[in-house]
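Just below sit the structures, each encoded as structure tokens.
In the two complexes that follow, chain A is the common piece, with chain B as its partner first and chain C second.
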Partner chain A sequence: MGKHSMRSLFVLFFKYSNMNLKLALEYKLNRSLIALAIFCREMIGVVVMFLILLRFLHIRGWEIHEMLFLYSFLFLSYSLFVLLFAGIRDFDNMVHSGDFDRLLTRPLGLMYQIISARIDFTATIGHGVVGIVLFMNTAFSVGIEWNWQNSLYYVLALIGGTIIQASLFLLSACFSFWAVKTENLRNLIFFNARRIAGYPLSFYPVFIQKLLIFVIPFSFVNYFPAQYFLRKDGSFWEGYLYLTPVVGALLFYLVFLLWKLGVRSYTSTGNSVY
Partner chain B sequence: MTRAYLEFAKKSFQNNIVYRSEYVAGVINAIVMIFVNIAIWKAIYEEEGSLEGVQFKILATYIVLSFLLQTLYVMDEYFIEVKVRNGLVSSDLLKPIGFRLYVFSYTVGTLAFRFLLQMLPALILSIFLFHLLFPFSTVMFLYFLVSAILGYLVLYNLNFLIWVSSFWFYWTFSLVTIKDAAVMLLSGALIPFWFMPEGMIDTLQLLPFASIYSTPIQIYLGMVPEDEILTGLIRQAVWVLVLYAVGHVLWKGASRKLVVQGG
Partner chain C sequence: MALIEVTDLVKEYKLNVRKKGLSGAIRSLLVPEFKLKRAVDSISFTIDKGDTVGFIGPNGAGKSTTVKMLTGILAPTSGSITVGGLSPFKERKKNAMRIGVVFGQKTQLWWDLPVIDTFDLLRHIYRIPAQAYKHNLAMFSEMLGLQDFINVPVRQLSLGQKMRADIAAALLHDPEILFFDEPTIGLDVVAKEKIREFITFVNREKGTTMLFTTHDMDDIERTCNRMIIIDKGTKIYDGTVEDIKRTYGNDRIMVVEFGEKAEPIRIPGVELIDAKDNRMWLRFHKDEIQASLILNRLTQKYSISDFTVQEPEIEGIIRDIYLGGIHLDKSVSGVC
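Right, the complex of A and B next:
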């Protein structure tokens, strides 16, 4: 990667994005319908939460706006994730279809190619709109003072959450090097963890809390950042509230090392049609 | 002739069995969803101080039953779409079988698979994990079975409308997803009707979605008075017929369109 200047990498990244955008715009109607469908699917959880709280007003001291604010982190960070790292999400397929072989023959960093080659605009919009709707409706009514420290914290937490999710997907991508079909296992772990994270961590038994802090650190994507702003439950260690970017960076670094190990032992599936 | 359809059902059953990781995943998904929902309701009832009350137990049973039915009610949504796009549908139509019966027997094969290898394991786990209440009475349980089958047929015929639309749209992911969202929200699958805003309940009862989850589960729990059960079952049967009729019309149009297109 050393032979390329930062500038040329940026230009290339821009060209890649441009191609992706053209791809998305090729089927305007179909893509907008898919984005709408994703929006509807993701809104189910929001509407259910809304209906429950319409009836009960609060659960363990959490009010509707606070719950939805907690929820908004999941959508915004996932939206950023599919905008920036859709290539990592689809890496499984890339290995199985043999497309990954093409990347190996090019004189560019592999991770750079994977990340820049694919942007899922449709899913970005589908999830992003839910996230923005929730954020706009809650962020200014749950008593957060949006000074520069808090805003900076918010941005860092969002980036950290995005990278945590990217790491989880990259981890499952690692296993596909050793010719294991991991898509199901990954979806099982990722989306169930995400479902659990939709509600405050304090609602769950200790075992699940530990799982979401130490094993699949989804609590750093939304619970602890929201907790920093709202200070609802006092039962967790204060330090967790500031760890999201650290967890993200550390996890990504470790998984990246494992991934590099995987690339070295990679033997193609021989599926490539090119 | 029926033997052919039995074979189709068997084939589809076997197709499902191949993906072993899929069926472990299906069971775990169901358990996690039940678990999350019960945790939320537990938090609510704990706050109200009535965790030991009948209300909570009924609600927990409602949640468990709903997710068990959901694991059972999963169908292959793209079976027809794939055939339309790769053109195999034309050779299927040439065979001396009824295409719609073929699709139905395929779906029933999947149902058998989901019953034996998804719902039963999830049911056994749920009995241990979530203290499922027994049916209100044996009679109610029988009514529940009839109602659940009718609910399945309502969903099948509703799905069929979307599936046939692939003859016109070719890609139906967005339609299927939006339909799923509507079913989830309006059928009582995720939140029982009695927690919905009062103005909405009457409207919901008029829609076909209520027949899919709400009616069978409420019968199981003994929440429907005996003289209203029959009305409920009839309402379900009427929806099966209405949706079937619409599907019939759409199917006629679709098969005509295919001929015009020249296959």
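Right, the complex of A and C next:
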């Protein structure tokens, strides 16, 4: 018995993943159906958008494949997000059910436990397949040269985008320390921003552009990475194109500080306030 | 040095005051009003290594809050706690390595996976050496009969099996202190007995310090050498079960069965509670009149075919304390 080393934390992380995989396999049919349902739900959105876009050759210089390439970032990074950070997504539930109490009695960091204890393979597949379908159909027809620099940029942007989304979820999770149920707040912050980010940022009025760059930086998840490859609009600062990983790391750090503050005022509503 | 030291512990909650009606709901949304609720109001106590202590008190008395502060779940508002020299909240991870926690109403086992999978995960979480893990697992399996269901998914277990597995899970890493929150809630008599036996055994063999919160007085009587009664956030008693019984358990009830139909008899200091067929229930105070004297008086008039004298149960005494029927006297040792 003793303190954890980096190595033992790594081993434990795989142990947790293993448990989650077993869990998913315990209900194979059920989970497969859920994955299929997620795929269909998201795909319908994509198809509707595709059908509408078919009526135009291009909108403000954006062609249909380019729009869908922009869209693919949303799905791939979200898929990665639920693979790595499903615990953050489900955090308010954890507080509400009292499971968070249990984490506090374990000799492990709280964030470590939240991240490793929950992996949503079902949603990862559901969103991931949509992302891959979009990517495969667009990435090679919009004039991107897939050399190693671009590939590296792509991977970093994807990871950065994943962390930005994790930060936004964590931000809404923070409020569960004070308000317990935060679903609506999360829908307000996250899903609205995500819907707006489905279209190029340059389509929107300046106010919304500023909102998506400085307040809820969803533009770094898909618009700026896509812009790096496609170079469609010249109205934004060139530097934004390279900032996705930085914004991700910085945002996560800031929200993490707030989260730490929240833990201090946690009042454990699990079974009773007394 | 005491293993656990708690001094002037206070925990306050900010409660949102909700007003009545729709207009009230809107008002409290716009101008939230808070009320401070003192759940724990300057409690102090010490617990030595190897002690078994029961926390009791009515619902909402503050005992769960106290335990949550001891386990590092909640930060105290003021006052200090040290558990083996550590502050449970500030040095949460270090403290967690040395404690085990069983929540009677909330299992730590993975619901859809076999028990053994959770055990194996805990082995990694607490970095339990292979030898110790094997030894403990074998011992717990034998004593708690885990081998019958260790490969069964937790959702298929009975409440008693789940509780046994949960207790084993909390003990795998040989904690110095074990916290129980209602360990026998909802269990049948045999299951309760088995768990109490096991707990006593572990305390004896491993010297594990144990703290319970429970509403089951039998748990306390059978497993604890000390009890702390908490009411309205303050400690009102800290002593042994025997002391309380000795002081407040002086009422006796004598059930007498007569050989013939008997008329009620008046004996000073004895109260007739009930009479049915040939039987009578008589209440008396053991310091005021001796049982033998009552029997003597009765046998002068009637023949007695059977009799029993009942001591009050601790449960009844505690109930009277909660309801305010008994005011703990300062002269009794342990009353605070």
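Here, the second predicted complex is superposed on the first by the 266 of 274 C-alpha atoms of A that agree within 3 Å, B and C clash if a C-alpha of one lies under 4 Å from a C-alpha of the other, contacts with A are read in each partner's own complex, and residues count from 1 in each chain.
Here, a contact is a pair of C-beta atoms (placed from the backbone, for glycine too) under 8 Å apart; a residue touches a chain by one contact, two chains touch by 3 or more.
Keep in mind that what you see is a predicted model, and the values were worked out from it rather than measured.
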Touching partner for A:211 - first (chain B), second (chain C), both, neither: neither
Chain B versus chain C as contact partner of A:139, first or second or both or neither: neither
Chain B versus chain C as contact partner of A:8, first or second or both or neither: second
Which superposed partner A:199 touches (first chain B, second chain C, both, neither): first
Touched partner set for A:33, first chain B, second chain C, both or neither: first
First (chain B), second (chain C), both or neither touched by A:23: second
First (chain B), second (chain C), both or neither touched by A:249: neither
Chain B versus chain C as contact partner of A:51, first or second or both or neither: first
Chain A residues within the chain C interface of the complex: 1-4, 8, 11-12, 15-16, 19, 22-23, 26-27, 98-99, 101-102, 104-109, 264-268, 270-274
In the complex with chain B, residue positions of chain A that touch it: 30, 33-34, 36-38, 40-41, 43-44, 47-48, 51-52, 54-56, 58-60, 181, 184-185, 187-188, 192, 195-196, 198-199, 203-205, 208
Touching residues on chain B, where the partner in the complex is chain A: 19, 21-22, 25, 28-29, 32-33, 36, 39-40, 42-44, 46-47, 171, 173-178, 180-181, 184-185, 190-191, 195-197
Touch list for chain C against partner chain A, complex: 13, 15, 37, 39, 59-62, 64-65, 68, 71-75, 92-94, 96-97, 99, 101, 103, 105-106, 108, 110, 112-113, 117, 120-121, 124-129, 132, 153, 173-174
